[in-house]
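Next come two complexes built around chain A: one with chain B, the other with chain C.
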Partner chain A sequence: MLRFILRRLASGVVLIVVISTIAFGLLYVGGGDIARRILGQTATAETVAQKTEQLGLNRPLYEQFVDWVSHAVVGDFGTSWFTGQEVIQAISSRVAVTLSLVIGATLISAIVAVLLGVWAARRRGWPDRLVQVISVLGFAIPGFLIALGLVIVFAINLGWFKPTGFVQFATSPSGWLSSITLPVIALAIGGIAGVTQQIRGSVIDALRQDYVRTLRSRGLSANRVIYKHVLRNAGGPALAVLAVQFVGLLGGAVIVEQVFAIPGLGQVAVSATNQGDIPLVMGLVVVTAIIVVVVNLVIDILQGFLNPKVRLS
Partner chain B sequence: MHPKETTMFRWKRLAAVAAVVALGLTGCSASSGGSEDAGGTLTLGQIVQPTTFAAAQSNWANESPYMQAVYDTLLTADPEGELQPGLATKWEYNDDKTQLTLTLRDDVKFTDGTALDAEAVAQNLVRFRDGAGPNASYLVDMTDAVATDATTVTITLKAANPALLTYLSQNAGLVEAPSAFESSDIQTVPVGSGPYTLDTAATVIGTSYVFNKNPDYWNAENQHYDKIVMNVYGDPTALLNAVKGGQVNAANTLNNNDVAQMEASGFTANPLELNWAGLTLMDRDGTVDPALANVKVRQAINYAFDKDAMLKTVESGFGTPTTQVFPERSAAYDKSLDSAYDYDPAKAKELLAEAGYADGVTIQMPSTPLLGSATFTLIQQQLADVGITVEYGEPGNNFIADVLTPKYPVVYIPLQQGGDWELIQFLISPTATFNPYHTTDDTVNGYIATVQNGTQEEADKAAADLNKYLVDNAWFAPWYRPQSTYVTDANTSVVMQPGNAVPYLWNITPKA
Partner chain C sequence: MPLPDPQLTPALEERAARVSLFRKLVKNPVGLIALIFLGLLVLSAIFAPLLAPADPNTASLQEVLAPPGGEHPLGADSAGRDVLSRLLFATRFSLAGALLALAVAAVIGVVSGLIAGYFGKWFDSVSSWFAGLLMALPGIVVLLAARAVLGPSMWLSMAIFGVLLSPAFFRLVYASVSAVRNELYVDAARVAGLSDARIIARHILTVVRAPVIIQAAMITGIAIAIQAGLDFLGLGDTTVPSWGSMLNDAFAKIYTNPDLMIWPASAIALTCIALTLLANVMRDELERTAGPVKRRKNRNRDTEAPIVKAAHLSTVGMATISEEERRLALEQPTASEPREIVHPVVVHPDPEDGGRSSTGNPFGEELLSVRNLAVGYDQPDGSIKVVVNDVSLRVRRGEVHGLIGESGSGKTQTAWSVLRLLPDGGRVIDGSISFEGKDLAHATENEMTKLRGAKIAYIPQEPMSNLDASFTIGSQLVEPMRVVLGLGKAEATKRALGLLERVGIPNPQRTFDAYPHEVSGGMAQRVLIAGAISCDPDLLIADEPTTALDVTVQAEVLSLLRELQAELNMGVILVTHNFGVVADLCDRVSVMRAGRIVETGPVRSIFAAPQHEYTKALFAAILEEGEPRGELVAAQTEKEGLR
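Right after this comes the complex of A and B.
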């Protein structure tokens, strides 16, 4: 198992290096006149030239890249060109916000999807058709529309939640819960649609297996068969879908954080990319890549726990 | 325990948890709104984050509230635009206006406990000039700033700068404590002498900035709130939702599309005109497009635009049609010039024919989705109607850089309407940023020289003559002055500041 984890970690490191290199090249090639973008239209040509030199943008690209890498490997991602904040500080203060949304949405997706998927697979008939319709709707309706609808109904009309903003858990646990409820629901709906279909299909397949009949013939209750044995077998494919959903939710958080004005990675990614804040964008690229690698590693380990054959392969 | 009792106990426990959560949610929702706290806390909706808190690289306009919260300026401006004392109580020029002497207050302390003196002010002025900030050019004429005694600063200039005093009431006049100069946190932790201090623990950089009242502030009259929160809304929908949900007391708006909904939520719309929108006909010497050297071609472009229709389509009717670049508050402004080139496609075609371009003209322009694709389509259509073909280039992120290089003869970009001298330096003088072909004209230069060196009366007349000359010679093809809208809730009063994107902080007050 240890070798398996080490191998995965090594390939993760290679992935992060490749992604960073490509991102750096793309940002600088398509970045345009960065100093002009920082200073705006009123700055004179002389000031723009002075700023360019100050930022070291007049140096050859490879030199800038080597400089960035030599600092990045020791955790120094530089300073944001647009806020003056250290990149690592800007990201660390926002990672927890985004992760609380994405983990919350993933957990809700998993729980609701298991309940709906099992219900549809066991009952078939109209519950199955209803779940299928709900899944298709969840897929079809864009996340930002769901977010807007939730804000209008539950925040503006009913006044149950704040329409925008985020409260830190340490400041007020109830305020934190209030501030993430609507964004998490908005994010979770798409996830529920995907995972429910996967669970439903896997459970239907598993229920047809011989071992299920054997378990039933031994007198085990239907719930015990489903939740202890069938779901364990159906869990593998569902976990794979959840992993993809988790990564997808990081992207979905971009829109949701904008609509709810939540200070997460998505919000800062949009503003940093629009502005051309290269140090911050590069920091975000690396951190997101690390999150994706770690999530995939955790899922692989969980898969191994659920199915020993995975560990052997 | 009886099984039924166990079940009941579980349900009761569940109900209690649900009630606590519900109370928590409701309680939070009610206490975190901005409006109910008015008087104690002011919550502002900002459309940009501060790029820096370092005074030497500071920005102004939409960023001015951040700066005015933590810093003082040497001078201030009242809502009529008249200069008033700030840290400087007296200011005096020598005869040829190349030396300015400022007399400072002697009772001001920075929040680090040190006293504000002339040496600190002189250092700030030099740092602003040399700091490569967006407005460093404001002090480009300054040869030096010297503390002649503890409360006197003398600024020497290469040449008279009619806008210098105004600049000293804006970011060029911000004074930061010298202790911050070498600080590694200078961009995020301001040390000033302003009415508030930044609460760095409660601030989330880029999202929410919290300021607490400075108890030792020398001018308590300007402290209307105990606490000010500035929340950043980069997305129009989020801003609209924050307004509708009562999460802000006052906010600048990202566009005029949502103003009606904000008014319906009980907010008051406070309009202001800051920019002009239209074409800058940069290549007046015909360097890359010889047709533009002909004034009749430039006038034809002016006649080709249905300005009312453009305003209605692009800005939903919020704004005023115009054909001049000087703002209404300027001495150069002439109302009759707002309709100097009323929409007349027949006249445009006639002028093109007279100029020898009866078969039409082709002009190159840059386009960018950031300024709205629909506007570029309208430009193409309106000019095509009179026989002018527009071919767009796509410079991407290099839009402004390519315009100023210069690569294009004509550009559409809304530009700011500052004070007269600022506008001349930005748009008109041979070295102006938006005169990239360095068009020079003896008549224009003569007017500029009078604005720079004449008496106030002479300068005002020269500015008015310059304005008329530019309109007659079609240096630009303006369409309208778009309206910006600042909204305030029922508990908040505001007095707009002419020429600034948002009101000055001390002009936002609790409604009596």
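Right after this comes the complex of A and C.
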């Protein structure tokens, strides 16, 4: 098991290195243009040259890269070109907000998907068709449209929640809960749709397995067999889908944060993109890659826990 | 069988497949509506300049937020631009952007998937790894990063997004191609001297075409969603009207004019839904077409050996039986079938010495009495397919009752209905199952749960698939004992180890800690036997307990079963297709065919004087096929029997 984790970890590190390298190459390749874009079209050639030098963009690309890497490995991603704030600070102050949204949405999708998926798989008939319809709609309709719909119905028309604004957990736990409820629901619906389909399919498959009949012939109730044995066997593929969903939710959070004016990574990402704040964008890409790698590692470990064959390979 | 002309058949199949998929789509109401909607959307995009009442980008201060009606059928937005015109042009750009992403993704994905799947080698591993890399990051983050450098061009963003989506096609094509590459007809084409390019075009593309079309519908939906998302964030090209930018504009006025959101939002939502539904309908139709073939394959695999045997048996039997019987045997008995053509069951009388089992014990009280049992499966069209009809049998304590017959004769269905563990859709439709005075045919699920394991136990046919691969063997033995007998963990563990030793497992502790995939088939069957007897049942139902085992192991397992039966004095229903096993273990046997019992009685008298044509045919089959074995009654020492 330990070797399995270490191997996964190593491949994750490789992934982060490759993504950083590619991102750096693409982002920094046009040095002079970057300075021009920061200063605007009216800037003179001298000021552009000055800015280029000031930002170190006139150095050879590999030199800039070595410089960036040597700082990045100790967690220093440089400073923002526009706010002067340290990149790592700008990101770390917001990463918790985004993660609480995405992890909340992931957990809710997992729980709701298990309940719905098992329900549809066992009852078939109309519950199955209902779940199918919900899944198709949830999958097809983009998350930000769902977010907009939720805002209009529950925040503006019904007034149950504040349409925008975010309350820190430390300030008021209940205010925090109320401020992230709609965004989490908006994100979760897409996740629920994807994972429910997977759970439904795996449970239907698993229910047809011979061992289910044998376990029941030993006097175990249908519920016990389903929630202990069938679900554990259906868990592997469902977790794989959940991992993909997590990456999707991370992307979806960028837009949903904008709808609800939540100060998360998405907001930084949008403003940094608009300004061409390359060090910040670079930091965001790397942090996202790290989050994805960590989540996949966690899922892999869970897979190993669920399926003894994975542990051995 | 002659090889089909490798050039001709796929071409024909291809045309047939293409026509039928489209026809099916049109016949399916959901598919038709989705197609019509998308068709109208494409038309309005193409003819936007003709249809639009105004220029989509002309702003007018007088017309700011004008209500619908008059010059602006759908009103005007916050800059006084005509909403209808913007919507029409937005459709144009949104669809074009999505199609660009689709084209890029499809070209990169399909080509690299074909190369990697067909030629393999280094390109295979490199491209697979690259596909994984592309899927690691959320697309929107990559698009944001790209925009920071490249500026707000919708076309560039969509081309990049196409690259990000290409793994979806790559994986699909790669998987299908590597599966098809070694198929016989591809080999045949290669031998026939066709070039690789031609083989790919003729044979491989045919296979991946349908899944690629389905994937394309999904991908287009995703591209529309992400592009709308980018524009909604205000990161798009402001000179190009798009659904996302209209939504962005409307979002700014969400308090005063929420109505403005309706049009772009419904355009995005409906388009995405239509594409997803279209993909779903296509997949369902394809699966439905492929469905029956798949099922047939599965059934063959499950019962491969018996089916070959059974086919032989039937032909032997057919020669001697009436036309009427042949018809009955060929057709599946259904509920609509008139019941009069039932032939009487040949019943052999009990021997004079009363009931003494093969182990010498006298039979005890009656455990199970099945009367006129019928089992049926509900069909989608509301009818019931009857698989077991008018079956009556009786098992006393200490008695082993064999159920013999060819595959599909209803033996296993009868066994499962006693346990009330029939597969989905199956149920007892007639008759009674009386067990120790309780009617199982009408017992509730709760009552059955209490009886299973404790009173009635079950040994399945295929050892490996009947153990849950995710749990250790020990935990699968301990769990039922804790539930059924209410034992503590330590006690149940001790008992499980004792049982494993009893069924002849050399190192009980090691097997207890092992996972099912770590033990052999013979061991697994012993584990299942241990599990079945773990709660001291009165009745044991063994469904071909030795069929899946090696011949030498079969003999050991059979003698283990005989010992345990005598030791625990259980009643046993032994399902088998093997007269050797019947001779070896059973006191009484019922011969089943096409869902009915045709002959029943003590083993000795049936072996000595089979009456029914079918029973005779079964015996004849053994004699004709096998080596000379002398007297049938002497077959008691024979372990291999039919196999």
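In the analysis below, the second predicted complex is superposed on the first by the 299 of 313 C-alpha atoms of A that agree within 3 Å, B and C clash if a C-alpha of one lies under 4 Å from a C-alpha of the other, contacts with A are read in each partner's own complex, and residues count from 1 in each chain.
The criterion applied here is as follows: contacts are C-beta pairs under 8 Å (C-beta built on N, C-alpha and C of every residue); 3 or more make two chains touch, one makes a residue touch a chain.
Since we're looking at a predicted model, the values are computed, not measured.
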Looking at A:269 after the superposition, I want to know if it touches chain B, chain C, both of them or none. Which is it: first, second, both, neither?
second
Touching partner for A:258 - first (chain B), second (chain C), both, neither:
both
Count the residues of chain A touched by chain B and by chain C, then name the partner with the higher count.
C
Pick one for A:47: touches chain B only (first), chain C only (second), both, or neither.
first
Kindly classify A:64 by the partners it touches after superposition: chain B alone (first), chain C alone (second), both, or neither?
neither
According to the stated criteria, A:289 is in contact with first (chain B), second (chain C), both, or neither; which is it?
second
I'd like to know which partner A:156 touches here: chain B for first, chain C for second, both or neither.
both
One more residue to check, A:221. First (chain B), second (chain C), both or neither?
second
With both complexes overlaid on chain A, does A:36 touch chain B (first), chain C (second), both or neither?
first
Quick check for you: in the superposed arrangement, does A:19 touch first (chain B), second (chain C), both or neither?
second
Please identify the positions on chain A that touch both chain B and chain C, taking each partner from its own complex.
30, 148, 151, 156, 163, 258-259, 270, 276
Note: in the complex, chain B contacts chain A through residues 21, 23-29, 32-33, 49-54, 59, 132-137, 140, 186-188, 204-208, 231-235, 237-238, 241-242, 244-245, 247, 395-401, 404, 413, 415-416, 426, 433-434
Residue numbers on chain C that touch chain A, as the complex places them:
133, 135-142, 144-149, 221, 225-226, 228-229, 232-235, 247, 251, 254-255, 258, 261, 265, 268-269, 272-273, 275-277, 280, 416, 419, 421, 423-424, 445, 449-454, 456-458, 460, 462, 465-471, 476, 479-480, 483-484, 515, 517, 528, 531-532, 534-535
Partner chain C, residues of chain A touching it in the complex
15, 18-19, 23, 26-27, 29-30, 34, 124, 136-137, 139-142, 144-145, 148-149, 151-152, 156, 163, 207-211, 213-222, 224, 229, 232-233, 244, 247-248, 250-252, 254-255, 258-259, 269-270, 272-274, 276-278, 281, 284-285, 288-289, 292-293, 306-309
Given the complex with chain B, which residues does chain A contribute to the contact?
30-33, 36-47, 50-51, 54, 79, 82-85, 90, 93, 148, 151, 155-156, 159-167, 172-175, 177-179, 181, 258-261, 263, 267-268, 270-271, 276
